[in-house]
Each structure stands twice: as C-alpha cells, then as structure tokens.
Amino acid sequence: MLDFHTAGESHGKGIIVVVNGLPAGLPIDFDMIAGEMTRRRNKAGSGPRMSMEGDEVEILAGIRWAKTLGSPIAGLIRNRDYANWQEVMNPQGKPPSTYEPVTVPRPGHADLAGAVKYRYDDLRNVIERASARETAGRCFAGTLARNFLAPLHIEIGGWVESIGEVKAGSGENFHEKSRRARRSPVATYDAEAETKMLEALEHAGRDGDTLGGTFVVVAFGVMPGLGTHVKWDERLDTRIAGALMGIPAIKGVEVGDGFANSRKRGSEVHDEIIRSSSPSFPFTRRTNRCGGIEGGVSNGETVWARCAMKPIPTLLKGLQSVDLKNGEEKQARYERSDTCAVARALVVAEAMLAWEIARACRVKFSGDSMEEVLDRFKEYRSYLSNYRML
Amino acid sequence: MLDFHTAGESHGKGIIVVVNGLPAGLPIDFDMIAGEMTRRRNKAGSGPRMSMEGDEVEILAGIRWAKTLGSPIAGLIRNRDYANWQEVMNPQGKPPSTYEPVTVPRPGHADLAGAVKYRYDDLRNVIERASARETAGRCFAGTLARNFLAPLHIEIGGWVESIGEVKAGSGENFHEKSRRARRSPVATYDAEAETKMLEALEHAGRDGDTLGGTFVVVAFGVMPGLGTHVKWDERLDTRIAGALMGIPAIKGVEVGDGFANSRKRGSEVHDEIIRSSSPSFPFTRRTNRCGGIEGGVSNGETVWARCAMKPIPTLLKGLQSVDLKNGEEKQARYERSDTCAVARALVVAEAMLAWEIARACRVKFSGDSMEEVLDRFKEYRSYLSNYRML
Amino acid sequence: MLDFHTAGESHGKGIIVVVNGLPAGLPIDFDMIAGEMTRRRNKAGSGPRMSMEGDEVEILAGIRWAKTLGSPIAGLIRNRDYANWQEVMNPQGKPPSTYEPVTVPRPGHADLAGAVKYRYDDLRNVIERASARETAGRCFAGTLARNFLAPLHIEIGGWVESIGEVKAGSGENFHEKSRRARRSPVATYDAEAETKMLEALEHAGRDGDTLGGTFVVVAFGVMPGLGTHVKWDERLDTRIAGALMGIPAIKGVEVGDGFANSRKRGSEVHDEIIRSSSPSFPFTRRTNRCGGIEGGVSNGETVWARCAMKPIPTLLKGLQSVDLKNGEEKQARYERSDTCAVARALVVAEAMLAWEIARACRVKFSGDSMEEVLDRFKEYRSYLSNYRML
Amino acid sequence: MLDFHTAGESHGKGIIVVVNGLPAGLPIDFDMIAGEMTRRRNKAGSGPRMSMEGDEVEILAGIRWAKTLGSPIAGLIRNRDYANWQEVMNPQGKPPSTYEPVTVPRPGHADLAGAVKYRYDDLRNVIERASARETAGRCFAGTLARNFLAPLHIEIGGWVESIGEVKAGSGENFHEKSRRARRSPVATYDAEAETKMLEALEHAGRDGDTLGGTFVVVAFGVMPGLGTHVKWDERLDTRIAGALMGIPAIKGVEVGDGFANSRKRGSEVHDEIIRSSSPSFPFTRRTNRCGGIEGGVSNGETVWARCAMKPIPTLLKGLQSVDLKNGEEKQARYERSDTCAVARALVVAEAMLAWEIARACRVKFSGDSMEEVLDRFKEYRSYLSNYRML
C-alpha cells in the first residue's frame, strides 16, 4: 500500500524520499510541489536559517513526462549549504582535526535521549536527524498525496488558531479560514489576531524567548467510508493522530473539538443525522463536532483535527543543561533557530493529513493505474449519491 | 516484533486475541489478568450491560504451566450471553424469519459510515464490531504487556481528571494519584471531586443524558531511549498517540500538558537538565512538562499522556437520525448503554500504553527468551547508571 | 491487506486462526472447508495419529449467516485428544510430578535449533509448535481464500509427481491431472505410478524408513497483472516461493520447470506470444514453461510451481542424536509418525497458493465488500477482453 | 527492523536505495562496497551494456566518517549514460516529437503483464524498472548487510555450478569453492568446467542464443537460532526462498539438496546429531544435506541454497511476439543484452542472502548501537559454547 521513507541529515547532502504505492498515470503538478516547499519556508517567526534552505525537489525516479510510472518515486531535496559542511558531515574520511563534538544537550530536543539510545559521542548525530529539516521530506510526500487527492475532489487546508496567548476570533467557515490563512504571514485567517501574533512574536524574540501555538488541519470533500472500525490500527483517527503527533514539537492532537466536547453532555456533542438535498449523499449533519470521523471511519463531513505545538526549545536566552562529557552544569548551546514555527508546522501537518487521507483512499479504491482509481472513485460516488440500505 | 490481533463480535461467541512476539519463559500472573479484566467492568456510570459481561480469559495457546512459550498466545473471552444470541449471530444458517435488521444509525457511532463502507443491509453488523466489547481484547493484550514490563521495573497507572464539568483538584504526585484512583468508583484520586462526579453522573442519567471526561495514563520507570527520532512512524509519541486515539470515543490526546504548553513561552515549557544523585541515571529534570518524551524518544522521566473522551453517544433521550431503508426521519435506537465510560476507558488506555511501551522495549532489548531480555535490560541499566559521553 | 495469524500447540486446546482483510459479503461454503480439512487427513502413508485428529473448524468470529462481515475471521480447530494432554499442556498450573521433559532432539526437526533459540528446558515446547498440526490452520485460511477466489473464476489444484524414486508418467493436461489426483490415495494422476508409490510406501514403512517426493500446485484462471515487477518483495514469485518453502519439510520450490529450464537455451525456454481467439484476452502462449509468471507478474497463463519435500525425519529405525542434558549419544526418540506426508503437504501447498493468489487479488481489486470486488473484477475482465495498447 | 527500498529506472538518473534499521556505529568498508559493485559487472557472458554501467555508490545519508548513524542510509548509483536518455526519461516535460513508444513485448520479461497491469502506452515503462539494473540497488543493500555480518563472523560466498548443460565437478569444500569462484570469469571453482562453460557461452552467443544455469549461495558462520518455527512468514527458509526467487530470472530455489533429497529415504537424508569438540557449540552433524536450516531455524551448520536461473530472454535471434497496438505478429525487439547472466545473478543472490541473514541477526541481537549488538553477540556465543539444556 502507500508508504514513504525519508533519509537525510540536516547539514548532509540532502533529504531523500522514497514513496511506494502511488498508481501509474497520475499527473504531477510541479508547481504545486514547488509551492508547498516554499510555503514551508517563508513565514513570520523564522530566523535566517530558513531563507538559506534550498527546498527544490529533484525527482530521481518514478516520474516520466510529469506522470507517475507506478514504480517507487524518489526525490532529493539538496542542502545548498553542504559545501560548508562537507568535512563535518562527510560520509567517508575522518573528523577534521579541529572538530569539536557537541556535548551539551538542549532540553526539549531529542539530544540527550537520542545520544543515550544510539551511544553517540557527538550530539550532532542527533541534531542532524531530529532536525525539522527532515519535514521537508514529509512535505514532498504529502504533496504527492495532494496530487493524488485532487482528482478525487479532496482538498487539504488549514490555519493557525493561536500563537502563544493570542487566539484568532471565531471566523467564518472552514473554506474561508483556510483560504485566508494562505495569505497571512502567521497563517491565520483573522487580521486582528494576525497583528497581535506578530507583536507577540516580536516581543518573544526580543526577550530571546520562543512561542508555540495551535492550528487546525482540514480535509474537504472526504467521502464516507475511509478508515475502518474493524481493526484499531487501521482506524482513520488512529492513523491521523499518529501522523500528526509524529511531527516535531507537536504535543497534542484532537479530532474535532475533542477536549472541549469531553466537558459537555452527550446531547450537546453528537452530530445528529438529517436528510440532505445534496446530490452527493442523501444524509448529512447539522453540526460537525466530531471532526468528520465516527468509530474510526470518515462519515462524509469535513475531516478536521487540531494540533498543539510547543514553543521552539532552542532559546537565545538559554536553558540549563549539563555537559555530558564531564557532568558539569552548562547553558544549552544555541543552534541558530527561530522564534516560532507554528505556521511552518501547519504546512507539514497538512502534508501528513494529505498523506493519511491518500493512504486510506488507496485502501478504498486501490488500482494500479489512475484510470482504475478514477473508475472506482466514480462508481463509489454514484453509489453514495443513490445510497439506500437494501 | 510485538503485535496483536483481535476478532469477535459483541454478541458473538467471544473476543479472540492473538499476540505475537512475546519472549519465551515470561511468567504470567493470571491474577493480574483477572484483576484488569474486572477493573474494566464495575465502575460508576455503567448500566446493567456491564455486570452481565463475562470477562474471563481462556488461554488457548502459547502459555504452558504459567510461562510463555515464545509461540503466539491466543486468548478467548467468551460472551456468556451467547445462548440468547445464537440465532442472530450464527456463523452458519440463515436469518430467523422474525429477524428485523437495524436500519436507524446512531449519531456518534460508526453505524452510518460503517454500513456505507461495507455495504451492509443491517446496522447490527457495525454495532457488533464497533462495540466497546472489543476493548476487552485490548485489555488482555495490554495485561500481557504489563506482565512483560513488570520485571523491567516499568509500571502503568492512571486516573480520571474530569467527568463532564467536574475537575479533580491538583492532587499529589503521580504515584499517589494512580494508587488512589484504583480504589475510586470513578477512578479519581480526589475524594471531593469523586462525590461531585457521582452526582453529575446521577443527574445526567436522570436526564437520559451522558457524560465524557478526561484522564491521564502514566508509565513509571521508563528508561531513556525508547522510540526513535530517526523514523517518524517509530517515534514513541507517534505510536502512543495512535494507540490512545484508536480507543472508541477517545477524541483527543496530549503528551504532557500539550495544549496548555502551546500557550506558554519556551522558557516556561522546557524541562531543564540537571545532575541527579539517583543511582539509575546521572541526569534528571526539575519538571516533566513534556510527558517524558523529547524528539519522539523517552527521556528517562515518567511518560504521561492525557486523553479526552466524548460522552457516550447512545442516549436514552435519543438523537435525531434517519431510517436508511426509506430515508424517513427517526429517533436513534437506544441500545442498552451506560451514562459514562470514562473510568473504563482509562483501563483500556492503560492497557494500550502498556502495549506500546512493551513494544518499544521489545525493539530495544529483543531476545527470544526472557533470560536474554533480562540480561540486556540489566546491561542497559548498568550503562545508564554510569552514563557519560565518551 | 490480507493476512492471517495462527496460534496453537499440537497437543494443546487447538489451532486458532485469525484472518484479516477479506471483504464483507463473501459467501462461505462450509462444505468446502470441511472437504479441505478432510483431504489433509486421510491419505496413504499416514500413521494412526492422523485418524485421531479432529479437524472441524469452529467459527468464532467474522462470519454471520454464512457470509463474511468484513471484520476479522477467527476459527478454532480443537484438539480432540486434549483431555489426555490436559496436565502436560496446561496453560496454568505446574508440571505433573511424574513429567519427564524431552531432551533428545530429532535430526531433521526444529528440535535442537528451537531449544537453543528459545532456551527451553523441554523439547516438547518445540515439538508442539513445529508440528505439522499447525498447517491445519493454514488450510483453513487457504480455504477461505479459495472461497474468495471462486467468484473470480480462479481455481486451485495440484498433484503428486513423485514419491521417493517413483515418478508419475507425463499425463494429460493440468486440469485432468488435478481432477484425477483428488481421487487417488497418493494424490497422483497416474494409476500405474500410484500402484508403485503405494508399494514404495509399504516397503519403506516395513523398513522403519520414510519417503519424500515432489508435487505441483496450480492456479487456473489467473488474470494477467497479479504481483508486480516494481518491488522485489511484492513480486508474485517472491511471495509464492516464500509461502511454499515455509511449509514444514518443503526444501525446494520452482516456478514452472525452473531447474530443467536452467539447462536449456533461451530459444527453447521462453514462451512466445501469439494472438488468441479466446474472448478473455487477445494474446496467449504456445507453451507455459515459465509457470505463468514473468518478471514477477502473472501473465494470464496458468500459474504453477513444483515443490520438493524431504522424507519425514521421524524414523522408526531411529537416527543418531544426543541427550541435551548430559551430552550422551542417544537414538532420536520416536514420536508416533507417518511414512510419508507428500499427499498431505500438497493440500497445504494448495492452500498457501490459494492464499497468495487471493492476497494479490486483494491488492489488484480491493474493495470493502464483495460487491465492489466483483464490480472491479468484471471491469478488469472487460478491459482484458478488449485489450489493446493505446 | 531491517528493511530496504529501491527506486529508479534503468536509463533514468540512477538507482536510489534507502536502508532502514542498521545500528549506529557500524564501520563501513567502502572498498568492500566498490568491490561488490564491480563483481556484479565484469563477467563472461556480458555484452557491451555492462562495461558502460557506472556502479559507483554515492552515499547521501546515514553514514558519517565511515560509520553508520543509526538513521536511514541512502545511496545513489548514478546512470552515467543519463545524458543520452535525458529527454526520453525526463521526469518533467513531454515526449520528444520523434519518440516512438515500444509496443512489442519480449517473451520471458514482464513487458506484457506489466503493461496490462499498469495500463502503460509504452513498454519502456516496464523495461526500465524490470531491468536487472535495479539489482545494483540490492547489491548495495546486501553489501551493507555484509558489513554488518563481518563483526558477527558471518561470511557470504557462492559459486556457479552449471551453465547450460555444462556442470562443474564435485569440487572440494564450500570455502574452497567459494574462494576459487571469486577468481573465475564464470564464477565457478572447477577449471575444467570453466573452459567448457566459456565455450558454451561462445557457441550460444554465436547462435544469437542465451544460456541459464545454477549456482549455490552460502552463509558461513551462522549461529543456531536464526529464523523461527513459530511463525511461517518469519521462518528463515521462507525469507531466503522469497529473497532469492525475487531476483530477476531466478525460477528455482532449494535449501540444501532439496530436490535430490526428495527422492531418497529418510535414513539417507537427515543430518544426524553428534558431539563436537569445537569450542563454539558442543554438537554438530556428520552431513549438511538440509542446508543448515531445520524447521525454519538455522541449526549452526553452514546455510546454503541453490538457485536455478533461466536463460536471458532477450535473444538476438528473436522470439515470436505481437505488436500490442494493432495485434500484428512481430519478432520481439532486441534490447542490447548479454548471453548469460548467471555469474552476475550469483552476486545479487549473495547480496540477498547476506540481507536475509542480517535481518534475522537484527531480530536475534537487536540493539541501537553496534556496541550493544556485539555485546549480545558475545553473550550468545558464550551461551552456545557452554550449551547444555538445564
């Protein structure tokens, strides 16, 4: 089925991605790929590191004349700065004589736990792989997924809801929020909140501090029947929760208003079923508090989930740590970093949502060629359109 | 690798569980199994259904003279009420002539989406498998995991934090909370809150309504180095988030104070690293806000996560729905149910946390026999105890 | 995806099978299941053990009114002799005071390697799981696969080609061979060879010796396009070779005349492509030496493979071994056994071929309900029927 | 656990390999990699294509200063001839106006089945991925596996036994055969047979025909206890058979003398267990007919398997085929090819055997760092050395 694998260190030659399981004959929109790779970069809260990153994807395999071949797709996102790191990240050779290993772990990062686990003598080995740079690979895989979803009329969106203590207002509908967020430097839909978020970022940055926040990711146009209730590890919510929580710095996920709903009564939470005049499916809901998933299966409403991101752990003002060589107390090293990565994590989260929805669609529709996928999709739409229990 | 598979319908012959990958020679504590299976049953908020459920596990394979064989373990949790459902759930034969299929889906359940997906002509087919009854199987698998974790000095606990709008007080340390919760009918540690929770349950029940809530699950004694930062789908937080979100009615998961931390500054969130005088590992933290996981790897602190559970969707007062046969508006059918399942879901969530921690331990220590596992565990403890980067 | 898991010890309560991934709405033919379970038993060469085995499958889950539910299917094949083994194979309790562990490993079995691997103090722990009894579980899973293949017009067959040095004659076409083999006590198609095989079995049995042999398994009606050339571990030949070699005592597998073809020239081996007047696919071959698989993909011809089975390693006349407790030389213990298991292994091999073909069909057609599978199958047939490259 | 993924088309930019699951701190011998990549090329029977192939592996990730990082390893084997194929294999753009798709499938290749499966309008899409070029990727992965096996004292070897009808003589012991084969242009150990094989190749080449053959792959130093009898798909023979059969043009696999043994009596086949004076394990065998695997588990003897390779299907003299555009009969197109690939397939088969043995060792020893792996290996050796059942 659909899976992907990334390799690559932050300052190595690049991030490599291999994607298995897309059907043959899927048209690939290279502008969409470039667009998403760019979205991941230039946002408020980014430091100088981001503008230096090269996020062009070189396709190495699996695509010919802008269509998938059905064979594995490989992409390479080169590190443009590799020349400056050649010696330090050399696959061959030896450490330069002047090289100083990193030995003071940063709280909030995998540094300490990773070094202990892999018995490293240099924290750089953790830093390089645990870096958010690897998410460029997830973005690429997720954008291939978006390409696959487009002809199935599924679209992925999202927006930032809060940065630090600043929360966006209630806003309009999901489509509108998502559309507006695309043009905002903090990826939010609320102009007033945007101003305050930018201020908060400036304040925090001035204090050498960092901020986290929350965002919502959305899948529009998801048909009922993705995921399953028969196997816990194939439930749509199991998969989505894992994929979102696995993004660096994401520490909370809720499907719909999960936490708020836990405080309400059943009669205030569940989405009653009513008849619909829509030509696509004869039933709908008055509300969508459950995030479009019931019993682990998509129910035909918009799928949406909220993520909580912790503040970036690399602070200019420093955090207390120790030197692992000798146990001495030290300030955690400051690797060049940003004040806030919420708007960028949103892009990665959209990619991962796209990925999981695409994966579930591959299970539902399968087919070795896009032609078969579309036939099956159309057949299913027609079945849904006339749905009646027999 | 450790994996498990369940089969079984709610009113069928029983729930069957097959567990692959436990080492040979692991002593199995049958009292612990019986204890956990019982914990899953008798809690405040349960209706008459629970007291009727038979939750004895019959071991069919993989255990001999109270020790694992290293071969797959199979357990069967019989449905004691099967005699009354024999005709309706018969694997062979035909529908009884008087049988009436269920055709009105309950909002909040997989009913509608599942029926559409699998093209059922009877919602009973969804109801039977999407039932919380299947979690008895997860409990059994998770209790085997607890058996495996015990000699590794890892213990699983948890407590209910809120039911509806009633929230427990701040309480003492995790161990104390967990210990107290075991004796509470609502699985909470705070006697005052307990009284209010029971009142809230009574009120809601009287109104024909239901309640959800939140709870925390905890793994004590987790060594640094479980999970990994090198592969997103093998991160410890990816796995735990998926396993918890995949429990019926769980709609939110946070590792540590994920959502609250998203509103704070970096300097207030991250857990600074200090020297420790503990003989087990020379470094520790002043705080544990990150839930014991950094960069997807356990960091040696207690692992903890919070779940949000929605109110039970089967309400005596009914929810609006439609009849799928003819599209007519109907009240959703009332399957005998409970007012609140939060205390029971906690038990399932503890089982799933035990499972995922055990799985990560199998990756870290491996070994075909418990003897090898323990050798490796001891070697690792000694390594941790004297840890210094070389 | 289609997968199955077995658990169970030879003299334990039974063999448990869980099958994941069959679509909903598949009619199950219980007579076919009973028939295949019986075929696995009563053949020439069997000793008294086989007639005692109970091979009735009790369906525990996943099937209702003779149709699959789409949820996992669980079956239990009870050991009718368990009453006599209750103490020795008790999941709980302790070894009976009179119990003598097995400590002399039988050459040709997993005894020694398994005991070393799992650190057993009793070879019975290996014997019980490495037993051919477990293949009853594979038969059940394979027969469910046959049920799934039937509406796709795919049928599985096979025949014994040789027992010891006795080889069947050239015979007629595959269908005829397969049909005749079903009625033969040694599962061969050639009456003359049958007589000689039975003689050879009698001779060997009289000498306290055992025999192996070869057999062919066949899948009729396989459409082109199962398996894939794009990923080595999803090639159809990779999967089939593994599934057949994994049957106890199978030590050789060839797809088509693999070994004989290695001695010929290319012009004598490859199956030239010609036009066909068949309504099902416009191209065919004059020969089918490659076993219906080219480049890891089924090519539309009959899929066939040959297996070599070693003689049963449990000999009445004994083989030299050692006592693992003290290193003393001993004769290997004689567990009640048969002279020859080739005809029975054929049944298991057919089951595993059915399984792998079904698995590949699930990938090709997918669908959550049999209705969808059949729609897709029909669409594909019509595509094949009119196949022309565009 | 250990897995690898390849991507890449024969005339595309290159073959990409991602390897997951090797421990950190494993020293990588780049000369060994270069050596194996070269072995795969220059052998008798190769046509001009091979000498043009560039088989240098560029490491893109996962290795630093000649040691693994524990993160995924990525390698790229560039196609030096890409400049000439740039337009035809362009990931972007359009077909050149002069481009002629391939429409006549070659018998013996995936051409027809692959085109039907993926609905291609150009057989080049199959040819490019089904090409033996992809095995360069498997060689790279297998050589990493050899690097991992070296400190575990496991060595992989092999030799060609026959080419066409020419069979090598009985030869000496396995080590000697393997050693000699390394220096032979046809990878055999028997000087006399070598001469005849070269003659046979010349004859066949002159006739525009091709040859297949058989070879043996061997793993020296395998400890007892790899693989398992408890799960059919994790048996060592299941895995090895699949990995070898999945190599292009391999159509037969036997573990030990699988087919010959099927004709003998049990008393002549099984490897009796005797005491050994070796310091490594107190038991051994007088013979090793079973290929070092009993019941799916390595038994401490040398693991060996034989493969049958069909003759190369691309013949200068042509094979009958059809044009898929219009159904007309045509001679199969001659893609530049070789007379015989047996000696090269041996190198790939050794790589895959190395891979599967390494995978089984990862299961047995696990560990995130090579230090842990070696500790566990040493502990196991000491256990084996003093083995006695307790």
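General remarks:
The first chain written gets the first letter, and so on, giving A, B, C and D; residue counts start at 1 in each chain.
The rule is short, and it goes like this: contacts are C-beta pairs under 8 Å (C-beta built on N, C-alpha and C of every residue); 3 or more make two chains touch, one makes a residue touch a chain.
Fair warning: this is a prediction, and the values are worked out from it, not measured in the lab.
In this assembly, D is the chain whose CA centroid lies farthest from the centroid of chain B.
The pair B-C is the one among A-B, C-D or B-C whose contacts match those of A-D for more than half of the residue pairs. Chain B has its Cα centroid 26 Å from the Cα centroid of chain A. Computed from the mean C-alpha positions, the centre of chain B lies at a distance of 44 Å from the centre of chain D. Residue positions of chain D touching 2 or more other chains: 6, 20, 70-72, 117, 120, 129, 225, 228, 230, 364, 368, 372. Of all the residues in chain B, the ones that touch chain D in their complex are 1, 20, 70-72, 225, 228, 230-231, 363-368, 372, 375-376, 379-380.
Partner chain C is touched in their complex by these residues of chain D: 6, 103, 105, 107-117, 120-121, 126, 129-130, 138, 162, 164-165, 204, 207, 209-214, 224-225, 228-230, 232-233, 235, 237-248, 250-259, 261-267, 269-275, 282-283, 285, 290-291, 294-300, 308-313, 315, 317, 319-322, 324-327, 329, 332, 364, 384, 387-390. Chain B meets chain C in the complex at residues 5-9, 12-16, 18, 20, 24-25, 30, 59-66, 69-74, 76, 89-95, 117-120, 125, 128-129, 368-369, 371-372.
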